[in-house]
Structures are given as structure tokens and as C-alpha cells.
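Supplied in C-alpha cells, the structure appears directly below.
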Amino acid sequence: MSATDDLGFSRSEMMIVASARQLAAQRVTFVGIGLPNIVCNLALRTSNPDLELVYESGIFGSTPKRLPLSIGDPTLVTGSTAVTSMYELFAFYLQAGLVDVGFLGAAQIDRFGNINTTVIGDYAHPKTRLPGSGGACEIAIHARKVFVIMRQGQRSFVEKLHFRTSPGHSGDPGHDRARGWTGSGPTSVVTDLATYVFDDATGEMTLVTMHPGVELDEVRANMGWDPRLAEDVGRTPAPTEEELRILREELDPQGVSAR
Amino acid sequence: MRGSKVATLRDAVAELVHDGDTVAIEGFTHLICFAAGHEIIRQRKRDLTLARMTPDVIYDQMIGAGVARKLVFSWLGNPGAGSLHAVRRRVEHDDPEPLEIEEYSHFGMVSRYMAGASNLPFMPIRSYFESDIPKVNPNIKPIVSPYDGAQVYAVPPLNPDVTVVHAQRADASGNAQIWGLLGCQKEAAFAAERVIVVCEEIVDEQTIRDDPNRTAIPGLIVDAVVEEPFGCHPSFAQGYYDRDNRFYREWEPISKDAVALEAWLEEWVYDLGSHADYVEKFGDAYWDALRPAERLSGRVNYGEYG
Amino acid sequence: MRGSKVATLRDAVAELVHDGDTVAIEGFTHLICFAAGHEIIRQRKRDLTLARMTPDVIYDQMIGAGVARKLVFSWLGNPGAGSLHAVRRRVEHDDPEPLEIEEYSHFGMVSRYMAGASNLPFMPIRSYFESDIPKVNPNIKPIVSPYDGAQVYAVPPLNPDVTVVHAQRADASGNAQIWGLLGCQKEAAFAAERVIVVCEEIVDEQTIRDDPNRTAIPGLIVDAVVEEPFGCHPSFAQGYYDRDNRFYREWEPISKDAVALEAWLEEWVYDLGSHADYVEKFGDAYWDALRPAERLSGRVNYGEYG
Amino acid sequence: MSATDDLGFSRSEMMIVASARQLAAQRVTFVGIGLPNIVCNLALRTSNPDLELVYESGIFGSTPKRLPLSIGDPTLVTGSTAVTSMYELFAFYLQAGLVDVGFLGAAQIDRFGNINTTVIGDYAHPKTRLPGSGGACEIAIHARKVFVIMRQGQRSFVEKLHFRTSPGHSGDPGHDRARGWTGSGPTSVVTDLATYVFDDATGEMTLVTMHPGVELDEVRANMGWDPRLAEDVGRTPAPTEEELRILREELDPQGVSAR
């Protein structure tokens, strides 16, 4: 892990902290596997103690005694307020619009927030077979806001997806509004380098802040198109001592997230 | 959502039930919240559309009291005891005024709640074949399967403005636990714009957390939580009190006679300030006679992890 | 149905799982019946179509062992630990042979089980809009609502020849009780032609009757009941043992190496006669370390009536 | 009640007993409100101790301590083997074909077993508003066999229904087979006067036995069409002492059923 670099925190830690801060004003969050699991548990302990976590495994009101490796960890169930079947979770909660924020990761994302988690290469004969949708396609359509968290690079921030697993913005906001989906599509992207929002007028990903130690040329060097810039691109506030302490000591002692 | 939603039934009905609303007080023989029906009558709500699979005595009372302009249902009767004459007077004789009806089968009604709870534009259902029901209810539409080309029927979502669910127990934020007959309480609650949970007991959150699989309704969708012991009478709450079959039988002659019905409403609803008064008026001996002996469930081990 | 359906896993798999069958061993991280998967491998079943929302390590093992010709799924991975390389070798390199895949989203898969369980020709679902998934899966078809004319999608019923459900406990006639994560066990069981219930404990009927609301699968649809303690390992059974996260992590390098995978299968499946041998091979200390402290649910009162 | 007439049992008792005997070879029976409730509980104690009762309220494996007045009686729940939601009951059990026998009552029935439980008179302005379908329409379509139990008379056995709530046979067996329903339609009718089956070739109701003390002219006088007769119309065996004892003492002490 690179948590020992001169900044005193790794870019992964910055990514997790920046993402957790975005949950400050949110309420019902749908928690999937991996990083979002850590992000949400950090937010619960920092930016938003009242955050309601709905686990993709069908658990509500969970107060886990340890950071679960999987979203189906038994520690999430014991002492929770409710457990539901997968059908009810996807139909009564997600499809019915009860979820305010959904998290998505991606192997590839385009400038409009369309996401590929299915294949690299041709579908029939893929170079790399990825996990596929899981609940991502439904989260993209039904969560009122969609937060994307992923590392960025030439291979992940691409002009053209190899496969569109989960729909983002179309590039035509008029069309997007007319779709009449519960969700309003991708809201923000947080990477190991920067944070982005999606421009209302064009639906295009827009650079808002760069993490400490990151400059624009590095951001540009790590995406497949020339990024749209906010009027004044700012600097992501560095993680506080408290944020780092909780992340390192309570949530991720193995430093899985910090790699 | 962490905040308390505990309210009196009077305040919950006053704030959440509006004239003209579509209201569902569900419960299949079990957990029918008569207390909420009486409060709606007492507050003289008007022009409601009432939805229930089995209107039961509760809707005979409400419709007899004039709160509704329309009834959506699938079986109209007083189970094992007779008929719902106040409803029938309006349907058969427009007495004292017409009542619009929209009629389904049981499965059609449940499927409507399912569609409503799931935010689906319709639910497919294998029913109504060669029945006259779709002829008198144009909301039941044929639909063809894109696979085998089979024609089935579709029913539209039912999304009440307000659903009242009675539960044995709930915590202050509305997490409600139900055991015994489940009816379509959960579907009706998720389908609703607003949800009132009435319960026999408000319990601390830990009691809910001790058995999360028992939770039928999450606080997430609940607007008000009301503690109202015996709130289902003459219906029942499994483990708390029995169905008052004598009341259901005695309702038959009252229901048949508009004057007797009005007198009953005066004595048991309008002249009383609350359901607590209703409970007191029956008296402790009456409730003791309806209370079952204890028969506890087993326990299961959820395990302490990490 | 009153008769006992208790069987050994060997007999249940031999009699109820046939070459060429569509088999679903469900369970969303929880209650994944690895014991049944291992017995299917041990009996060298072939040409199976395997269905699961999350194929997980169990199907990586089964597909690595060559029991399947096709996989129906919605999320292909080793949760929190890595990938399913045996599956990927076949998909990416036809190594050692091609594997046909049929791919949905989670909601699509669950809806397929719902349609199958409900004997519906399709289930409507608001998903797949502007996604490429329907382009590579023609079984996902657009359908128009007969009400608002909105276009949604339909998925077809999934009716496995055999569904294996693991439960914490069941009685001899197959009434099975589950707590903790519910996944789509119930839907997958009702959708199946034949159902094998594997459980941690076979209990007397009275234990089931002491809490009827806890019953997820009725004996009515069950063909065989097998008692197989630790039958879910490395998955877990809430209250009985923890998820063996180390096993999931350690599977990653094994899965990556076809030779190591074959060696693992030899040592832990083919060379063993039964799941009991597998349990013994790990040893008591191993299982003790996975066993959680007790955390009992509360009890509820069903009441003694009449 | 007329249980004191010279036969020593009432015609209602004969109807209930004859119906209970028809459950001898059956397995999973769907129990609705009213008479079927008594019939099934009598069968459990006489013709078929292994009968599996599925209550329309969603209860399985019930062993009631008292005869429930309604199918939603709490005594049915306590000590049962399973309870299910109404959606699952109708979708997973009935629509999925798990129910072998369903019972239907009727205000009107025609010669092909089509049933009216909705209105007498015009639907929009009915002379008598009846309960409607409840689960009857689904039972008629999905139960593998449908047993009808009802009193017969000129007003109930009619040439033409005022409303078809639940479909029976069409009169064209070829058409009926082509419908591809799970159920095979009405199987038998038991009344206070006689028992009937439906002819395979024509789907028409056919008189099989007449109850003790009933002659053909009385049967004819109590139906709206001239009944098709079995080759040799027999005599319904009278209730046994044991059947009457159980019915009167255990199941229906108030004699509700015997009126």
C-alpha cells in the first residue's frame, strides 16, 4: 500500500474519503459489494450517522460489529431491523424508488456515465469476462442518484464502451428527462485522482476537484477523452486525521482499500 | 427515519387521511384495523374510495356512515355470519345514495397491490378466462405473452393514498412485526403513498432487532405509528385476542336496519372520543373472555458474529 | 405427504438429478449448499444447465469439474475475494470446452424464478432500458403496458428440473424453516419440478408447528430431505457457522490454476465418500472456530385458541 | 333444523356427508368459507385422515382445536406447519397447480357447471348483490378438480346464468381441452337432493345418485332444465351413525349446517 507516500495517505484512501463525504446530505443508500461497503460504513461514522443502509443482500438497519467482507456477511443480519427476499428488495425498494443513492463501480465508463461491467473485448469471445450486471443495471435506472466510484485510467475512462451494462446519460438531456425513469442517472464520479459531476445541460462528466498532489495533465493522461472542466476546478480537501484513523483502524485494518 | 413517528390515531387520521383519498385498511380476517375505520367515521371524512379484498363489517360500517363514494373489492360479505347490508342498500337501491364499485377476484386484487408495491405498470394473471368479470370491469385487460403467445390478463397497479396496517407490535420508527395470517398487508403498505401502522404494542427497537426476519413493514415507508390495544376488534390479533364471532353474527340484524346501524354508530363511534373509550365501554371482563391462553413460539439462534 | 422423505445426499442426488437437467442451487451468499454441489461432482453428472444469480465458488467448482454445458446467471464473481477462473477459462478460451451462457441482471433472474414459481408466462420488469443486455439475450423481450402504453421488459419463467435449497432446519416431511438472508430460495423451490431440502438439522414436526410463520418451504413441494451439518461451507448458515472468508480468498489461486483445481477436487471431493468425510477432514477445531456465540431471537405468542 | 325427520338426518347433513366422502381419494384440498370448511373437517375425521387442507386464508397443516367459523380463525394458525401471504397462496399454490381439489358454492349454476356468485338481476342495478368471486374464479380455473356443493332449486339450477363469475365447461369438450388450464373444470355437484358428475363427452351435468327419500320428479322439479341421467341412477348411501355423530357433536353442535 502507498499510504506511506509523502502526503500521508494513499489515493485509494482519498477516493474512499471523498466518496464518503458525498453521502453527507443523503438518506437511503443501496450498498453493493466492495468499495461502496467501506465508503458507506465510513460515512456512517463521519459525514452522516443517520444514513440508512440497504444492503443488496436484503438487510436493513444493520449495525455491523465488524467490517463485512461480503454484503452477505452474517454480522450484518444479527441485530438488524429487517431482512427481505431478493424479489421484494428489487421490486418494493429499488424499482419502487425508495433508494436515494446507489453506488456503481465500473471496468469502463464513458463521458456520459454509461458503464460496462460485462466484458472487455467481444461479447461472444471476450478478452476478459467481467462479473456482469448483478444489480447494477437496476441501480442505474432506479436509484434517485448514482454515485460512481472507480480508479481511472486510459483503459477504464473510454470514448467507447465494449459493452453497455448499465445506462447513463445519453448526451441529450431532453431525451433523458423523457425516459421517465425513477432515477436521474449518474450524479458524480469519484476516482483515485479526482471528483466529477455530470453537467445538467449536456449530461457530460465534468471535472470538479483534483485530489492533493494531482495536476490536470495527470488527469488528462488517465482518461480517453479531453475532460470537460468546471468553471473553477478546485482541490479535494485532504482526508482528516479522524477520517484516516477510522478508515485504517476500524474499517480496513488489512489496508485492502488503501492499495 | 431514526426519529419517533408515534402519534395518536386522531392526529394520524387527521393529518394523513384526506377527503377524496383512496384508502386501504387491509387484513384478511386477521388484523383488520377497525379502530382506524371508526376514527375515519368519527372525523366524518367524505368521498373516499375504499379498497379491500374483503370489505368485511369494517367497510359496512364506514360505507353505512357515508365516508365513501366508491368501493374496490373482491369478496363482499360477512364471513360465516351474513351479508353487508349497508353496502348492498347503496348498490341495490342507491339508498341513501349510489356507491360506485370496481370488482376483481381475490388474486386480481392481490396482484394489483403487488404491481403497486413494485412500481410495475401491470401484473399478469392467469384468471378471468371465460368469466364475465372483465366485461363489467374494463380495467382488467387481455395481454399476450411475448414467449408462447398465450393470452392471459393484466390488472393495473393499486396505489392507495393511505394504507392502514395493523401489526402486533412496532417500534417508534415504524418497524412493524406481524405473525399469524399475513393477508396482503405488506403489499398494500408498500403500494401506498402514506402508511399508518397501528399496533397492539409499541416496543423498543431492540425487540425488533432481536428477530429481523419477523419484520413485515420497515419504518422506511411508515408515516405514523399508533398504539391502540384491541384496535382490530371484532377482528383479531393472533396471540392477543380472539375473533369476536358473536359480534360478527350480531352485526347481521344491525346491518339490515339503517336506523339500527345509525344508532350503533352513535353509541359506539360518534358518542365516543377514541378507541380507548370503546375498549372501556366493553369493559375488562369482555376483553378477558377474548384473550387466549399463552402459546409461545420457539426461539432461533441468529448468532453473535465478530 | 405425511410420510418421511429423509434421504442421504447420495441417494437424493442419484435419484433426483439427471444428466442434462437444469439445476438451481440457490442462496444469496447465505445457505449455498456446497455439499449438494460436491455430491453432483462426485457422481459425475454431465451436461447440466446450472442456474444461480451468483454462481459463486460452488459453480466454479462444478463447472471446473465438467458437470455443466450451460450457465444461467446474473453476477459472476467470488464476492470480495476475486474471480471464478474455471468459468472464465471456458468462456474466454473454450478451455477445456465451451460453456454456453445466458445472462440477466439480478432482478431479471429473481423475476424469472417468480414467474416460474407462479406459473406465469412472463414477469414484467422495469430494467434493461438502453442496456446492451437484451441485445445478447433474446429471451429478454420488450412488452407494452396495456394501460399507459409504457414499454417495459419481460423475462421468461425459469423452472429448474431440480432446485436444491439449504435450510437451517426441516422436519421429515420437508417443511423447512430459514432465517437470516432469504435470497430467492423460496421462489427457486416453488419454480422447480423437484426439490431437495438439505438442512443443518432435521427436527421434529412440533418444532416447525411452534412457529409456522418461520416456514419458508412447505413439505408439499419437497421430494427429499437431507440432514447435512456444515453443508454450506464455505458459505454459511446463520446462527450455525460463519462464512469462511479465508476459504473464499484461498480459492482465488486454486481457481486460477486448472491443475491445482483438479487436485483440490481430488482431495476434497472425489477422494471423499460424503460430506461427512469432508467435515471430518477439516476437523472439529476448524468448525469450532467458525461457530458463532449464541444470540437467540425473542419469542412471540401465537395463543392457544379453543 | 329438520334432523328430526323420519330419516333421522337432514338433507343438509346428507349433502355434507356425501361431499365429504368424495374427498376419500384426494390429497391437497383448497378450503374456502362456509360449508366446504365443515365438509373438509368431516372428511379429515372419516374418509381421509391424510387430506391436506390449504385454507384460502393462507394456512397449511392446520389441526384446529375447534371448528372455525371463518377460514381466518386464529385456531387454524396456532400449531399449523406454514402460513403464507395471499399473493404466494394464489400464485405459488393455486395458479401453479398444487391444489388437487377446490370447492365452489353457487347462487346459480348451469348445466355445464358455470357458476354465478355475483348478482341476481342486472349487474348495474342488481336485484340481489352477492359476494362476488373471492377466489372462486381462480379455483374454477386452476384446481385440478372442482367439487360444487349447493342446495338445488328452480332459482339456483338455471338454464341461463345472470352473470358468469367462474367458468365451467363450455359444452364443447374439444374447446375445453384446448383451453389448456391447469384445472379440468367442475367434477361433481352435491346438493341437498342428489349427486351429479359431468359427462366427459358433453361436459353436461349428469345425475348419478339421489339421496334417501328423494325421487326423480322432485329432482326435476328443483332444476331449470331436464337433467341428463346416468345409465343407472343410484341411491346415495345414508349417513352412518358415526358420520352423523362427528358432524353433530364435534363439527357443528349449533346445527348450523343442518338447517
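Note that the chains take the letters A, B, C and D in the order they are written out, and that residue 1 is the start of every chain.
FYI, a contact is a pair of C-beta atoms (placed from the backbone, for glycine too) under 8 Å apart; a residue touches a chain by one contact, two chains touch by 3 or more.
Because the structure is predicted, anything quoted here is derived from the model rather than measured.
Contact with both subunit B and subunit D is made by C.
If each chain is reduced to the centroid of its CA atoms, subunit B and subunit C end up 37 Å from each other. Chain geometry summary: the mean Cα position of subunit A and that of subunit B are 41 Å apart.
If you average the CA atoms of subunit A and of subunit C, the two centres end up 29 Å from each other.
Within subunit B, contacts with two or more other chains are made by residues 119-120, 125-126, 150, 179-180, 182, 186, 210, 213, 238-239, 242, 292, 295, 302-305.
Multi-chain contact residues of subunit A, defined as those touching 2 or more other chains: 59, 73-74, 77-79, 83-84, 91, 95.
The touch graph of these protein chains has some other shape, matching none of line, ring, star or complete.
The full set of touching chain pairs reads A-B, A-C, B-C, B-D, C-D. Of all the residues in subunit B, the ones that touch subunit A in their complex are 1-2, 117-120, 171, 175, 186, 190, 205, 208-210, 212-213, 215, 218-221, 302-306. Listed in rising order, the residues of subunit A touching subunit B in the complex are 27-28, 50, 52, 59-61, 64-66, 73-75, 77-84, 88, 91-92, 95-98, 182. Interface residues of subunit A facing subunit C in the complex, by the touch rule stated above, are 33-34, 56-59, 69-74, 77-79, 83-87, 90-91, 94-95, 118, 123, 125-138, 141-142, 163-167, 170, 179-181.
Put simply, subunit C touches subunit B in their complex at residues 119-126, 141-143, 145-148, 150, 152, 154, 156, 168, 177, 179-180, 182, 207, 210-211, 213-214, 238-240, 242, 292-305. Against subunit D, the residues of subunit B that register as touching in their complex are 28-30, 53-54, 73-77, 79-81, 87-88, 91-92, 103-107, 110-111, 113-114, 125-133, 136, 150, 179-184, 186-187, 236, 238-239, 242-243, 245, 248, 292, 295.
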